[in-house]
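The following pair of complexes shares a single chain, subunit A, combined with subunit B in the former and subunit C in the latter.
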Partner chain A sequence: MSPRFRIALLVLAGLVLMPAAAQVMAALPPFGSTIARYGARINAITPEARHVANMVSAINFDLRGLDTLGEEFMLLAAITGTVVLLRGRRGEGTTGRAMRLPGRAVIPRSDAVVLGCRIAGPLTALFGLYVVLHATVTPGGGFQGGVILASGTLLIYLGEGYAGWRDSIRSHWLDALEGGGALLFALCGLVPMLTGAAFMQNILPLGTFRDLFSGGLMLVENLGVALAVTGGFTQLFLEFMEETREAEEPDEPGEESA
Partner chain B sequence: MTILLPLLLLFAAISGTAVVLVRDPNRQVFAIAANGLVLTILFDALQAPDVALSELAVGTAAVPLLFLVALMAVRANASGEEP
Partner chain C sequence: MTAFPALLLPLPVAIPLVVCAVILTTAHLLPGRLPDILAIGAAVSVAVLCAVIARYAAQGPIVYWFGGWEPHDGVYLGIGFSVDEASGWIAAFIGMLYALTFVFAWGFFDRTHGHFHILMLLFLAAMVGFSFTRDMFNLFVWFEVMSVAAFALTAYHLAESSLAGAINFTVVNSLAGFLMLGGIGLIYAQAGTLDFEGIAAAVARGGRDPVVAGAFCLVAAALMIKGAIVPFQFWLADAHAVAPSPVSVIFSGSMVSLGLFGLAKVSAVVFAGSAQVQQALPILLIGLGSFTALLGGWMALLQRHLKRMLAFSTISHAGIMLAGIGALTAGGTGGMLVYVVGHGLVKGALFMIAGILLATQASIDEIALRGLGRGIWPAGIAMALAGLLLSGLPLGALDQGTRLVQGALSQQGHGIALAATAVGAALTGAAVLRAAGRIFLGLGPDPGDEAGAPSEDEREKANRPLWLMLAPCCALLALDVAIPPELIAHALPRAAAAFMHQPAAGALVEGPAWLPWASVAAGLAGAGYGLFRNRLPKIVVQPVSATQSAPTRALEFLHSGLIGDYAAWLAVGVAGIAAVLAMV
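Let's turn to the complex of A and B:
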């Protein structure tokens, strides 16, 4: 495709699409002024019907729980794909050494970094747990808390180095977390059917409004998401980090001379 | 509050443009992280704390890290293959 043809295509597409886009933009509600009708309806219904203060969690885990189940398995599929692609090349061995660029000086980690990570790591994990547990009360929930927990494990890498990170993070545990979380979420959909209710119907006691234990089945689903996201993201970090691991023996015999 | 939103939107535009204009991949990763931080504050100012938390964790921590590691792996493999 020549540059001139590309520009002609761009202009043509612009001519077709711009009027339509302008029309849609003109019909948008003004910035920041109104709460959409759906939002107002949710705000009115959810506190009474589900005893939940965080509307986003109520929508995610209850009102459109099936969507979230799909997203959950999307994450599972994406992580599985990454693991299959990356682990296939590297094998499952673990060495302590990270790969280095030849000729680059190795700067020892300063005590301040180690201390900072040892203080910030547990605090990050604690905050992640807080966000997970308060899913139905305050902003956040399983996904956000799970990602915070997963990034907390990265502070181990930053503070203790590659060997320490590999020692403390076990790949099999992560597999179990990821799969177990997704399974828990799927069971939350199926178990209500055993009692004669609909798929993913909220059959547990709803608890008290603004209490930690509110929302019933949402709490279990939230836990499943938190487990799956923590395991999944840490697994993702692990597989990417593994790419910087020095292989035990070089792939090709000629590589040592580099 | 009236000055805060336009300022944040301006910052978002500036940091977003910076991601494109910075050409060195290593620096670009940090530009992405900075852009994620600006977006986090913007979402928070627009009263979307849920989205802000996600953006903070994914946009300023997870994605830049994966980019950095990928860059390192590419560079290490390239220097390993050269005779």
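Let's turn to the complex of A and C:
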């Protein structure tokens, strides 16, 4: 189809959709007028029922924990898919050491960058841990903290160079971290069933309101998410950096199609 | 404390998730075939658990509240699963299809670090969750998990064509995700809850409401994109044709029909109280369904790439299912549910045969393969049987579903739709039978130079014995034929009524008995015409080629493979749904 015809189609569809959308918007409840009944009820009961100050965590890990379990495995699917796509022709083999392109100069980095990264790296990791641990008290949680922790590893790359980064990162560990975190989360669902409770029912002691150790089972689930996200995102960085590496030995004919 | 049958509900979702996490964690330590065995075990346990759940659900839907958050004073706090008999059996069918697909793919994905199994198990868990959930947002989560796993599986070969197909699939289905999320946002704004029953109650209270109509428009469009209904169907042929064969089995056998299954459930349960939606449904679904059945069938007939042909045939059959839902009766929906199973079994078998050809003959092109299938004639018999079943041979579950859908349509006097279901089936059957005749019997003219396939070279690893690939394929066909019709006829009225949340209906009406025979005859005639065109007298051939050439070229022009075109048609489709909703 020519671009002109395509745009004509789109405009035609827009002519129908615009008035319909306007009508829908006019009929929606006005902005900010009410808090939905569901939200109001959750705000009312969760601090007492779960001793948790961060409502978002309470919803994510307890009330609607199944959604988060689904999202967690969606992330796992996305990362596994990306790994499959990026590994591409270089196949399954991973090397423990950094590969470098012959002939490309390794530009030395300035001392300021190295120093900055060595200071900022541990601080970033510390901050990530803080965000992970305080999931039930302050904004943040396993996902956010996990991303911060994974970004911390990138500072190793920036400060120590690619070879240094690869020395400190092992692909199998990342797989184990990612799968193990997801497994921990799934088991948080199944283990309560052994005691006769429902899937993902909060059977641990709930702790004290506004304390680091509040929320019971949420803390364990949150830890699982943090592990999975840290492992998963670092795995992504690793795969993207290794993307251009060629296969070590040529594949047998026909092999690459499977 | 949850009672016994309800206790099982989380397990069919949790088991594949746990197995997939274990495989990922230990992939580099596991010996070669262990992921295969683990995956087959997980799929079989899902199938068995779902069948047990379905048996218990015959007495009434089983409800399960996650985290123990049962509703209080009419407020739904947590997420629930609610499984009726039909949903349970559909999930059991899906588990069984996965188990056989894993057998078919035994050793196919060597050296893959278990990635194939991880993605497939996630895909399985998402499908079961999608069929079980009673929460709108949870439905969306499983919908997205399905999509994400499917994107990567499509691109698995990493050839240019598979990447292009996967990109089209990803973009169109991500748009579907946006639409669905938008629709859920609208309905939540109005109903204040995400539970199916809670929304249904709010919708019934509200009367005619543009927000509800808008929400339905977006959610229905998203599910129809998954279900490959015209004009949302373009992505399907691109994706199914290039995915590895075991993945295509799952795509065509269960993913597409699951989109329509979701649409049937959402229309019957969530939007039951909206007169506007219920009036628009028959027009929309029967109209689009009939059109899809015809267009898909015709496009199938035009293909020489075997998997692309099967993909278009899936589009055609999705149209027939949609028309069945559109009847809005227990017969139509019940017929659709049986059709989902029957079609999944037959289409899965056909994609396995395509995989066998790719592995043993290293080609997927109908013309290039002419006569090359003689050495693997058992596959030819299976393909011919599958083609006959597809065109409507009165035997097995697919036929029973077809007759129920046709019965529901003829009862309401939808003559054109009735004809479309028969013609669509005949066209797809003709395409498959023609290919079977050409490949396994060497029929048709010698192609000469034309044998060189226009598509890029494709092959799949030939490291499996023929019987290992053929056994699951034959098992699928045998299941389709062997499911006792009395059993379905006995259980279906009750199951369909429970699925639609309606009081139990009496015996379901079947369509005219001659219609399947007519479509088989038309299918055979079409296949014969395709093979022996050059031997027929000119007076027969000329008018046919004269009338079909212009529309055929137009159709091929529309299936451009350009993602911008697909998005434009998607907008047109959404506008069409909105227009129908505005007019009723």
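Operating definition for what follows: the second predicted complex is superposed on the first by the 214 of 258 C-alpha atoms of A that agree within 3 Å, B and C clash if a C-alpha of one lies under 4 Å from a C-alpha of the other, contacts with A are read in each partner's own complex, and residues count from 1 in each chain.
Keep in mind that, in the parts below, contacts are C-beta pairs under 8 Å (C-beta built on N, C-alpha and C of every residue); 3 or more make two chains touch, one makes a residue touch a chain.
All of these numbers come straight from a predicted model, not from anything done at the bench.
Partner contacting the larger number of subunit A residues, of subunit B and subunit C: C.
Using the contact criterion defined above for the overlaid structures, shared-chain residue A:L236 touches subunit B, although it does not reach subunit C.
Contacts of A:P139 after superposition: subunit B is touched, whereas subunit C is not reached.
By the document's definition of touching, neither partner reaches A:L227: not subunit B, not subunit C. Of the two partner chains placed by the overlay, neither subunit B nor subunit C lies in contact with A:M218. By the touch criterion defined above, A:L66 lies against subunit C but remains apart from subunit B after alignment on the C-alpha atoms of chain A.
Put simply, subunit A uses residues 254-255, 257-258 to touch subunit B in one complex and subunit C in the other. Residues 32, 54, 56, 99-102, 131, 139-141, 143-144, 147-148, 150-151, 154, 233, 236-237, 240-241, 243-244, 254-255, 257-258 of subunit A touch subunit B in their complex.
Those residues of subunit A lying in contact with subunit C across their complex are 1, 3, 6-7, 9-10, 12-17, 20-21, 23-24, 26-29, 36-38, 41-42, 45, 62-67, 69-71, 73-74, 76-78, 80-85, 88-89, 91-92, 172, 175-176, 178-180, 182-183, 186-187, 189-190, 193, 196-202, 254-258.
Across the complex, subunit A is touched by residues 5, 46, 49-50, 52-54, 57-58, 61-62, 65-66, 69-70, 72-73, 75-76, 79-83 of subunit B.
Looking at the complex, you find that subunit C touches subunit A at residues 1-2, 7, 10, 14, 17-18, 20-28, 64-69, 75-79, 108-113, 115, 118-119, 122, 125-126, 129, 137-138, 141-142, 144-145, 148-149, 151-153, 155-159, 186, 188-190, 192-194, 209-211, 213-214, 217, 244, 362, 458-462, 557-558, 560, 562, 564-565, 567-569, 571-572, 574-576, 578-579, 581-582.
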